[in-house]
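Letters A, B, C, D and E mark the chains in the order given here, with residues in each chain numbered from 1 onward.
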Amino acid sequence: MVKNSLIFIVLIGFAVLLADLFVGFNGNTDLNILANHYAVSGPEEVGSANLVTAVVVTYRGLDTLGEVTILFLAAAIVSFLLKVEAGASRNRKLRSTSEILDTASRILVPVIFLFGIYVFINGHLSPGGGFQGGAIIASGLVLMLLAQPAKEVGHKLITLVESISGISFVLIGVAGVLFAAGFLDNKLLPLGTFGTIFSAGVIPVIYIFVGLKVGAELSGIITNLHENQNEA
Amino acid sequence: MINLIIAIVIGVLILIMAIIAVHHKNIVVGIIAAGVVSLFASILYLLLAAPDVAMTEAAIGSGLSTIIFFYVLNKIKRQNG
Amino acid sequence: MENLNLEIITLITGVILVLIGIWGLLTQKNLIKIVIGFTLFDTGIHIIMVSIGYVKNRTAPIIDQSVNINDVGNSVVDPVPQALVLTAIVIGLGVTALMLTYVLKMYQKRKSLEINNYNDLKW
Amino acid sequence: MNIDFNKLFFTFLGLMIVLNWGLLMSALMRKIGARVAKRYGIPWFQPWVDLVKNYAIRSQITHGVMFYLGPVFRLSGGVGLFLFMPMVFGSDLWTNFSFKGDLILILYFQFFGMLGMALGAGEGGQPHSFIGISRGLSQFTTIEVPMTLAVIAIAVQYQTLSISDIVAAQQGGIMNWTVFTNPFATAAAMLSVLGAFGHSPFNLVKAPNEIPIGPPTEYHGTYLGVLRTNAAILHVVEAVLFMNLFFGGATTWIELIVKSFLIYFWSVFVGMVFPRFRIEQSVAWFLKIPLILGIIAIILL
Amino acid sequence: MVGPIYIIAIALGTAFSLGFFKKANSNFSFAFMLFAMAFMTFISGQWLYAFLTQQQETIQIFTAGFKPPFSISLQMGLHESVFLSLINIIGLLAAIYLYDQLKEKGVQMMMIFVLLFMGLNVVIMTRDIFNLFVFLEIASIATAGLIILDKSINATSAGFKYIIATGIISGILLIGIIAIYYFAGSLFINDIIKLNLIYVKGGAVAVFLVLIAIILELKPFPANGWALDVYEAAHPGIGAVISAASASAGIFVLAKILPIVGDSGYYIIGLIGIITFLGSNLLGLKQDRANRLLGYSSIGQIGLLLTIIGLTPYLGDKTLFIAFGVLISHALAKAGLFWLAGIVNSEYIKGWAAIRRKPLLLVLMGTFIFALVGFPPFPSFFAKWELIMQLANNDKIIWLALILIGSFIEGIYLFRWFGYAIKEKNEDLPEFPIKLNKVIPVSIVAAGLYLIGYYTGLAIPEAAIINYIPLIFIVIIFALDFLPAYVKNSISILGLAYYSYTIIPAYFENDMLRFIFVVIFLIGGILTFIAGYAYKGKRRGFYPVALIMYVGLVQIIQAENLLQFFFGWELMTAGSYFLIIRGKKSMAHALSYMLFSMGGAYLILAGFALAQQGQMSLSLDVLNSISNNAFIIISLLMIGFLTKTATLGLHIWLPGAHGEAESDVSPMVSAILLKAGVFGLIILLISTIKNIETVSIVYILGWLGAITALIGNLGAAFQEDAKRLLAYSSIGQLGYIVFGLAMMTHLGWLTAFTYTINHFMYKAILFLTIGAVVLRVGTHNMYEMGGLIKKMPFAFIAVLIGIIALSGVPPLSGFTGKWLLYNAVILKGWYFQGAIAFFAGIIAFLYLFKLISSIFLGQLKDNHRNVKEISIWFIIPIYILIIGLMIFAAKPELILQPMGDIVAQYFPDGGLNWDGGLATTPIGNWHGTHIMIIVGVMFMLLLTWLVVLSRKAQKVKQFNIVYSGERPFTPETTHISYNIFAGYNKALGFLVMPWITNFWNFMSDIIHDTAGFVRRIYSGNGQTYLAHIIIYIVVVYFVFFN
């Protein structure tokens, strides 16, 4: 209890710190120069209707690359840690799920997958993008696994998608250095007509790969957790 | 103004849920409460004109994250039993 | 009430959520509860970030019919914090997944979820 | 070095005088001791008899080179001290080779014989010699401390380390003697001389009962003769040293004989009165009273 | 040139492609990964090369084709390229080192490994603060992944602690970043810097959060429990990466964001740094697990770096040089040590004794330890030197002191560990396999340390004049270590002879003072080396270290500036440490030697630093004109030198160190080495002769010297171990020298010089002889010997002459010293001190007699019936020295007159008057030659007299003692040599009670107990560690902001 009181006091101290930090915060009334630039020049420079996407994929593309790398790392570590040592039995005795869930999942999963793909293809036009789409795809996978626990998910497929999309991402970035103004430069492809699917340069392409990659990585994490479900 | 009230209500709910998440003895309840915090947070994001973030938070924070929690918890329970 | 803006409310919510998260991190003995504390902490930070990017009475930074294409600078909120939060959320998921996997592995080895039982390394 | 044969002759003559006086003195002391103990005692010529007898003994054994050299070292120590000691003040002939070195040389040359003797005895087979030597060395170290203080005190007092100069400074009346001008230094030195002569209470080194035989017995015959010769010389030279330092020196041989006898008698007298100390007692004793006297002597400078 | 962006591309491409490979192709995938690492190294290396040699300009790399702040930009400049090269080289070597592990664990680990380095590279290059966050996160997560390489429970729980701690820290960082964005409206670091956010109320807090988060990533004490657990639990190969590469990147990041903080950040960082440096090293003292110890040391070094960064305002443009020196030493040495830990594979530091089965590894370990502690010729030495000098120049004395204290504490545990490696029993320890892929990286970093050390040395003008050729000669000797001892011995002698030939004549012409010392050092060195021929086999490692000592000694003599002097001093310390630790039971003694030497060296360093303060020069002449703090400076330097002369209070290392050393090492470290302290003292006193403070200091010094002489000699009298006896005797003799110097008169100094030369000769004679005897009989204990005079007459004569000389009995040269001493004392008026010195001199007889009689006289022990005379290779140098001694005794004026001329430069009055061979002072006179003749002639006459009388003396067996009245019952009792001064001990033993040893033990106990108490904060509970982090943030915040 003494310890908790101490922690409480420390937390109050921390609260004071945060209060000092935000004491002058009174909401923004205007955009700062940077944001204004993105808002005003973004559409011309990048051609993406969704400014967040413009920032995420192009202006701060390196962050995004880092971000998928983090997921990739997380997936790799999870896979490494939960990897079944050779020789361990893969004794699977799974309870069967209900017919309804099974059937529903058979219909729903492809729809979810398609939705996910839609979300990341339209990332430069509407809310959503690679991450959201990838997460949606992974959710579909979860549903599938819930419905059919015994289903062997193709690890190879996941890895293949993950690797190819990752390499493609990097290659697009490098292509930007070689053929355009810099790493991950958007103008590698023509900007197209503002507001259409085939616009905004390489953003849709990148987002596709991001979406696939994130989807694959999250799926990887989940399947790894799933597969060891039954081994004690 | 309506936005303000919704924000306050949701804010309070978030905090209550957070306290439940931290302090409830049942871990399952805790995990769900944490998921609900994320869900409410995504509503806040919508209010704050951040649909992208809201989507992500909903899909990842309250969705996948909670699922992973449950997977792990489930595994732990099985090993126990 | 005139100072009470939407973003301030959310900011305060975020700050308190951060504090609750830290409280959970520091006081809960159960490993999974600790991870829950961490996710709360993370979510709190995200809320703070988005609040900071908000500009009063503006729309999402997506140029569609509701936005005048010639006056974007005065009609949308700051896209930068949102972009950052997107990144941060995904990172948070990665970290959470990792933590949980570690917890799982620790449990497999020692059959305990009490953090006090993992004190072998010390001094 | 130009060899001055005249000088060498007188030096040798002086050595003979000292030797014979030393032998006689030891006989007198034993006589006095016997009389005090209500015995008749030895005849006065007994030391000469002993000496001749020892030198005459034919059977000789040796335990090795160092054993053999031991007495030589010992006698060299005694003779060397004599050589570096001015005997009679004012006489160029009786000052030996004292101009080659000073008081420091004398202080350190004392060890020459001791060390050699210790080593020689060490090579013998007799275990007791070791005990004796270790005790002797132990005691000797502490004797020297008050002695040194006294020496420093008078060296500072007279601003010289040369013995002849010290004697010269004491000429011109009894009140110029160090014993009166610097009584504490003298007292310290006179107490330490008790140990130097090795009479009771500080004679555990060659204690007749505990170490009945030790080196003096193992060193028989000629060796013993050499040691006896040395003892006779050394006692006189030591007494002369104290005489020179504290009692105005001697301008004639007669004065020398009288003064050295009295100084020597002082140690015998104390020995008659006090019982023997154990070695740690004597070590501690020398570091108390004589040391304090020596320190006072220096503080008073 | 290949653009830096390709580092990212190649790393990511590799990591993503690795997924294609199957486990069966693990060799191929490893090669693939290695290629990526090599390519990254190549890119950074070529940029470094361009910056260094081609005046390449710093470049900015814009991503996405937009200029910052609109897009993320990277920067590649000289500093970036240095850090990238360092990190990538370590990465490449680490990958090679981890070959087996990575191959076995599969592609995931390889991916993680590559990504870690990708993350670190970007962290260094990026100029965008959020990008910094993302890649820091990559690095953290990758580290967390690497930690669990072996999946053990400890590794996993450590990984959990790590990930949750870094999670919190990055959360804090994120809050700070978003707040900075709010205040600055930009994420571009250059923009943020311009805005001076620190002056905005909330902005300051935002900056603080970023700063504290970066600092927390660097694991400041005490909020670093999580990191320590990681170091302990992770595979050492990973520990190396974390300690060397990640920490370097962290330091760079801190430097990068520091301009945002502005000048006010320096103070915080400095304070945090010094607390970390001291705290971490202190706790390291109690640590006996190797990996964790390395963790403490790593954190300590980072603390030092933080301190250096924090002191930037005072260090000025030297900061970079200093930080670089410390960092590079830390990174390379720590990586090397971690890798060694992986090879040795022993949990506890005592188990490292196994390492000496592989001499190369031991040498590598030594290199790293010495580099960490800051010995020459490593970069840390020069860095530390500059650091201390700059601190002194800016009057930051407390910082200076704290840094030296911290370094000292670090030295304690590092050398304790090294001592275990060299000396702890290793028979029971398991063998460890030795693999080429593990040894090569370690060797490369060690070579790097030497190379970089050489170049850092060149960067300092004062150090650039150091002659490295002798050191190269040593390296060659070292490379020839496989040759038999006699070959190396010959080479060494030739080397020293040539060295002597090149430098001695010049000194003879110009500088007699240095001439004396250089002769003692070099000629003494040659003589002791001759004895080395007596050793069979290879004597691995002996010659290089002995030569290091000699080179160091000559450097001290040759030194023209303070740095050179200190360079030589440290070199000499290092060499002698290795010599001393070669002894069979020398572990603890070598440690204590090292600690006193190190402490002394740091005092000297501090003294030098303060002395040159404000003089803009490092020449030795600065000592002449000390004005401020003169008392402190002179005292510091003096105490520093007195540690080497083993003056009372600082002497406790000597008996063991000299006593347990090898037979030909004892004379080196006694007769020769101790003179280094004397030389230092002489230089100091010459320089400060006119300084008012010297008067009071030398008065104390005089008492110290006299009492040291007494206690040293008394201690010797009670020894049963022959070599320890001589060791104590050295303490006493050095006490005389110090005493003589302290008198600050012509005669006093002449005494000191005489003793210096004398002690060199007779102590060399005695130590060589006794050492040779010990080699024959196999024991140091005098009571286990006896009667050896018949077996080794040459040895006996040598010892006899040695002890007569040492005791000061006329006519040998010891008396010269005594005579001068007492004349000096009386003229100076130091009567009591003189009396004490005299008393000490007489006590010398006790131990000298014990020495010679116990060993050579008395009864021959049964097991020595067949021993032979000591080796001819000992006899030769011994008798050469005896000849020297005799010449000095017979013709003292040959040496004393020139010495008088030297001393007259400093003390023109009160010298000796020479009239032929007759020396006179105002009070005394002495004719060495004549006394020798008189005594000789008299002795011969008397000997003849005895021989004439008893020429037929019959040689009998020892126990044929019929002339003694009493026969011993058993022969065993006839040689009494154990505790023969029992009575004396009873009376005076209280003087040699181990007060001083107890005092130092007490100090040591207190420090260790403190460490033991404080380190309980590391409870092992991850949650507690989190609490530490939060508390740390709050406390630092309130300390600096309110």
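What we mean here is this: a residue touches a chain if its C-beta (ideal position, glycine included) is under 8 Å from a C-beta of that chain, and two chains touch if they have at least 3 such contacts.
Because the structure is a prediction, the values reported are computed rather than measured.
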Chains contacting each of subunit B and subunit D, listed by label: none
Chain of greatest Cα-centre distance to subunit A: D
Closest chain to the centre of mass proxy, which here is the mean CA position: E
Higher-contact pair (C-beta pairs counted), C-E versus D-E: D-E
Chain at maximum distance from subunit B, centres defined as averaged CA atoms: D
Subunit D-subunit E separation of Cα centroids, rounded to whole Å: 53
Inter-centroid spacing, subunit E versus subunit A (mean Cα positions, whole Å): 54
Euclidean distance of C-alpha centroids - subunit A vs subunit B, Å: 19
Distance from the mean Cα position of subunit C to that of subunit B, given in whole angstrom: 10
Shared interface positions of subunit B, touching two or more other chains: 50-53, 56, 60, 64, 68, 72, 75, 79
Contacts with 2+ other chains: residues of subunit E: 130, 134, 137, 141, 144-145, 148, 151, 156, 175, 179, 182, 187, 1027, 1030
Multi-partner residues of subunit A (each touching 2 or more other chains): 7, 11, 14, 18, 22, 25, 32, 34-35, 38, 50, 52, 59-60, 63, 66-67, 70, 73-74, 77, 81, 127, 129, 131, 218, 221, 225
Pairs of chains in contact (touch as defined earlier), listed by label: A-B, A-C, A-E, B-C, C-E, D-E
Parts of subunit A lying in touch with subunit B, wherever the complex brings them together: 50, 52-53, 119, 127-129, 131-132, 135-136, 138-139, 142, 218, 221-222, 225-226, 228-230, 232
Residue numbers on subunit A that touch subunit C, as the complex places them: 4, 7-8, 11, 14-15, 18-19, 22, 25-32, 34-36, 38-40, 42-43, 49-52, 54-56, 59-60, 63-64, 66-68, 70-71, 73-74, 77-78, 81-82, 125-127, 129, 131, 195, 214, 218, 221, 225
For the subunit A and subunit E complex, residues of the former touching the latter: 7, 10-11, 13-14, 17-18, 20-25, 32-35, 37-38, 45, 58-63, 65-67, 69-70, 72-74, 76-77, 79-81, 83, 159-160, 162-163, 166-167, 169-171, 173-174, 176-177, 180-187
For the subunit D and subunit E complex, residues of the former touching the latter: 1, 55, 58-66, 68-69, 71-73, 75-76, 79-80, 83-84, 97, 99-105, 108-109, 111-112, 114-115, 118-119, 122-128, 130-131, 133-135, 137-138, 140-142, 144-145, 148-149, 152-153, 155-156, 159-162, 212-214, 217-218, 220-223, 225-226, 278-281, 283-284, 287, 294-295, 298, 301
Subunit E residues touching subunit C - in the complex, by the definition given at the top: 130, 134, 137, 141, 144-145, 148, 151, 153-154, 156-160, 163-164, 167-168, 171, 174-175, 177-179, 181-182, 187, 225, 228-229, 232-233, 283, 286-287, 292, 1015-1016, 1018-1023, 1026-1027, 1030
